[in-house]
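Dropping the structures in below, format is structure tokens.
Two complexes follow with subunit A in common, the first pairing it with subunit B and the second with subunit C.
Up next, the complex of A and B:
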């Protein structure tokens, strides 16, 4: 693309790049004045220190702590390494762990199998430049502006046992948020409500970027609309598909706000994120144990973040 | 392409080409379906607004599926008992500096990444972008501990710690949100013409001037879009405020609602008035700056 010639030159250089590029860098840097070099260093260093100090080092510390028996109170030099004991404790003697894993997977499945295809379907419909398309779009992505915590409250007005609309209309007396056999579904509907709008928006942007000549060619060949979509448009949307996949996985892994406002992630609403929080800010401060839970989240998310970065970086280079 | 329908007002801006627009039964069905979906989507919000405008006594006596009992009292009561004034101020104290700082720091990094082509750029970009996608809970334990250890002078935080202070929340929001902005801005800046910098160099402009006076003014559209999004996100931020704040008075408005539910618990009319009050700033931003909001989301097409 219209990329800088220097990058092209860099890319032409085969993999053992660190040595060759430092040579190139030095040559370039010498063109700059000393002040400029200081300015550049500061411009990168200050934000880098902030992100390293508040995101990456804590992440590394979480992994380290997951191997210790630290209770969060005693002095750091008395910490003992206990190997994988925290992990085996998490799996074997921590009752909420299995439900939390199940709920996280259910969350992922619900967003991925129901909300995401529905959002994509709506995007395809809205891409037809319908009359009133703006109204439909706005209605659909309005929930995206609200915080998930607030969404929890808004849906309570429908779900509440004594004052909720659903029970009033159907004459039922189910405590949608409180009953541990149904509350996960109740929050999933609220969460999906927001997710659909978000996915719709991403696909709508992706569809607008599809080269119209592709569709025209397909139309000339007499392909039906659905055939055109699945055979022509969908493959072109590959980068968006990957981004949506990763966003959905990460969203379902990070899900927290909604269950926390409902009941702090207990009684049917266990999620890994809520368990970590309970173990740190709750009454029981079990640092090593909580860190093991957190490390599990971290590893799963890093796998998908890597996929994501590989996708977007490839996109950027092309 | 479209012949019979060109008289209709074209929607979606000048670049939107109206395609076939015959009113076939299929089209009617399509509109019917979309109207139903749109109304279903709007319904929870509309219901919250409706509930907030009715008196508790009336709905308690006649049920929520009834008509009447209109009042603004819930807003007055919610505002007073929940001290929304103070909580909105807290949100402003956190959101405004955090957004400005995020945009400033992110644009610095993005500028260096876009302006110079070093091998480290890809690493830098990765370090920032990935940080934005990590699950916050995975960092909670060390951060919580760190925040309770770092002292601040009393005039900055009456807890004398980073924990339970606005500063702590500002910093953590900036650290988390930088990644997204770096990603979007560096892409944007890479698309700026190279000649610009060559001309600036010839004129003897320093790096800082190239950043501040050449690049930043050109990035205004991207900055506007990002500012809109970041205001919404940081205002809506719930997790860090919940775990890194202790004093109820200092909670930003989004997370204060959770504390306030205790006071409201039997009165859904009050809960809905509170919810509407909390939602108003983001809704106003959304309707005023809708273009920026949508563009920002699709600029990055990525935010988790």
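Up next, the complex of A and C:
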């Protein structure tokens, strides 16, 4: 940023309420007209209010409510605090909790180790401008356009035990969505199906932006195709890599739709997000208990957010 | 919890289940729906306030009958009310799932004067929380209800908070043609049921169709076994959190069920009730324990081929006279804007005229009022009404007889766990008991 005046002015602007602006006593102030100041104030205030009201306050309320046994009925001043009982219940007597943590981690690992590299691989292939590339590109990107709820339905047609395509074709009777030892993998395939297209598109955009002279130089130096990719192209894609990393983590943490569509996140498809919903939304209204689960999820997310922020900030400093 | 409550909803579920269950969207809709519910309440309020003279002519009704067919029936019932009383009812229809998921907020906000709900603990819970109006006076004017219905409409404090309108029993359904073909007889004891099932297996049928992907159908099996083994009062006490799940009585229910599981359709956790019902319809299964709405998976010509029997006796000292027959009906808001009209409306919907309109227009429901003209019933409806009429006690179904948070967050996963691994009954029941103690604290 070279907008030096703006930065200086920003520092110099007195609180808006106190100004009746007669044109400014100091010279630097004149760089900002009254309109400018109003606009800047609004631009700071409105997002600040939105973020506070829609993100921070609810987050704080969630943490507070996680210490209560509120059922969503009755005035707020009658809420009873139960300390850390919800947390000890979550850990000690709530059977779905441990599987949910495991499944969230599995989700992250599967997307990170399988789906993301595969999407990258497809992007590299498509970048070769092979014949019918457009067709493949469209076909692979199609799932990304669909909502996950619809994807759940599409795969249900394949997975249904009695009426599904897979069992009909192979004459098997595997209960893809009901058998808790296979359904998480069945759902991961459906989820990966979509994720691959997404990652592919991100990388494709990155690859198109790589300076061709870099590849030419590598080719002149006699580097092989894969060597060129890993030593020259991949490092150049660093910004894309960071975005993909973040997208993958976000996708795995917010995974919810698919399992909810399949069986509301029960019987082998437990995820923290689904458990929170089961407890908080609807008639059940175990708001305190659900908030404890949500807080645990918040803490898990914070770990990743911290890592991401640390990386980005280090980069900015460099 | 998403058991269909009406014919149109069953029909809506003929859409492949995963589409019908686009729940993220309905969640979002739910969030918006809270606003909408409150909004409709407010709007209704505005309408009432606009002229105090018209106050005496208005009453608002919150309806969860959002599907075309039952919506139409409700509209006709309300027209009947308008004609007979001169009061103009304003119906605020909300999508069924949204209605149910937001009932807490709805009742604490500005609910309609009269709203639709279910009998059982679900009703008593809101009555005890002071979110429903006492309508004992209306009950004084009602006639045509059996004691079982009155009991199901009564809150913990002995006052009435609910007017029943319709219900449907749970039983073992089968196809007459299949049974005739093989010469099967209706079993009246558990041993006979087991023997029949074994014979069905030999004949190449799946004895008992079974599905529990949605979590609630297995509750029906648990309920009926519990009612047959331990009786109605134990069911009520267990659901109220007064009995221990670790008791031998509960263990015996699971033990008996474990013995019957091999006779059930395998891999039930990936199957919806529609798919299980279709296996009965396609003559691949011999029987199916479900509510009367199972008929929705049968074509019109096949309806007359559908029959049922009540689940056989297990303990002769308990008998086989109790059953699940969930009741739907109406309640009054805690502070209705127009109490006189709300009571008038409740009296009407509980009366013979409203029941007659329902019988005429909705072939999938049994009406609660015995005074109704039920000559329009199909043979199956008649038999179902007789079955419930002869029942000594009528339970409301597990998730209507206990706290909703307990039913959905503890029992559903527990029953699915049991179906997956029927051997560890001790571990399962102690896990349920631990969670129950944490939930039933007030």
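In the analysis below, the second predicted complex is superposed on the first by the 236 of 318 C-alpha atoms of A that agree within 3 Å, B and C clash if a C-alpha of one lies under 4 Å from a C-alpha of the other, contacts with A are read in each partner's own complex, and residues count from 1 in each chain.
Here, a contact is a pair of C-beta atoms (placed from the backbone, for glycine too) under 8 Å apart; a residue touches a chain by one contact, two chains touch by 3 or more.
Just so it is clear, the structure is predicted and the values come from calculations on it, not from any experiment.
Ranking subunit B and subunit C by residues of subunit A touched puts B first.
Once the two complexes are laid over each other on the shared chain, residue contacts for A:119 go to neither subunit B nor subunit C.
When the shared chain is aligned, subunit B comes close enough to touch A:57, but subunit C does not. In the overlay built on the shared chain, the residue A:48 is in contact with subunit B alone; subunit C does not reach it. In the overlay built on the shared chain, the residue A:277 is in contact with subunit B and with subunit C.
Legend: residue contacts after superposition of the two complexes on their common chain; A:267 is shown touching subunit C, with no touch to subunit B.
Contact with subunit B, but none with subunit C, is seen for A:145 once the two complexes are overlaid on the shared chain.
By the touch criterion defined above, A:179 reaches subunit C but does not reach subunit B.
Look at A:67: by the touch rule set out above, it reaches neither subunit B nor subunit C. Once chain A of one complex is fitted onto chain A of the other, the partner contacts of A:192 are absent, as it touches neither subunit B nor subunit C.
In the three-chain superposition model, subunit A touches both subunit B and subunit C at residues 72, 148-150, 153, 156-157, 160, 163, 256-257, 260-261, 277, 281. Those residues of subunit A lying in contact with subunit C across their complex are 69, 71-74, 85, 89, 92-96, 148-150, 152-153, 156-157, 159-163, 173, 175-180, 183, 256-257, 260-264, 266-267, 277-279, 281-286, 289.
Subunit A makes touch with subunit B in their complex at residues 2-4, 6-7, 10, 17-18, 21, 25, 28, 32-33, 35-36, 39-40, 43-44, 46-48, 50-59, 61-62, 65, 72, 122, 125-126, 128-136, 138-150, 153-158, 160, 163-165, 168-169, 193, 196-198, 201-202, 205-206, 212, 240, 243, 246-247, 250-251, 253-254, 256-257, 260-261, 272-273, 276-277, 280-281, 287, 290-291, 294-295, 297-298, 301-302, 305, 308-309, 312-313, 316. Here subunit B touches subunit A in the complex through residues 8, 11-12, 16-19, 21, 30-31, 33-35, 37-39, 41-42, 44-45, 47-48, 51, 59, 63-65, 105-106, 108-109, 111-112, 116-119, 122, 124-131, 133-146, 171-172, 174-176, 178-179, 182-183, 187, 190-191, 194, 206-208, 211, 232, 235-239, 242-243, 254-255, 257-258, 261, 268, 271-272, 274-275, 278-279, 282-283, 285-286, 290, 293-294, 297-298, 301-304, going by the rule given at the top.
Residues 1, 16-19, 21-25, 27, 30, 100-101, 103-105, 108, 122, 129, 131, 213-215, 266-271, 275, 278-279, 404-405, 408-409, 412-414, 416-417, 420, 431, 434-435, 438-439, 441-442 of subunit C are the ones that touch subunit A when the two sit in their complex.
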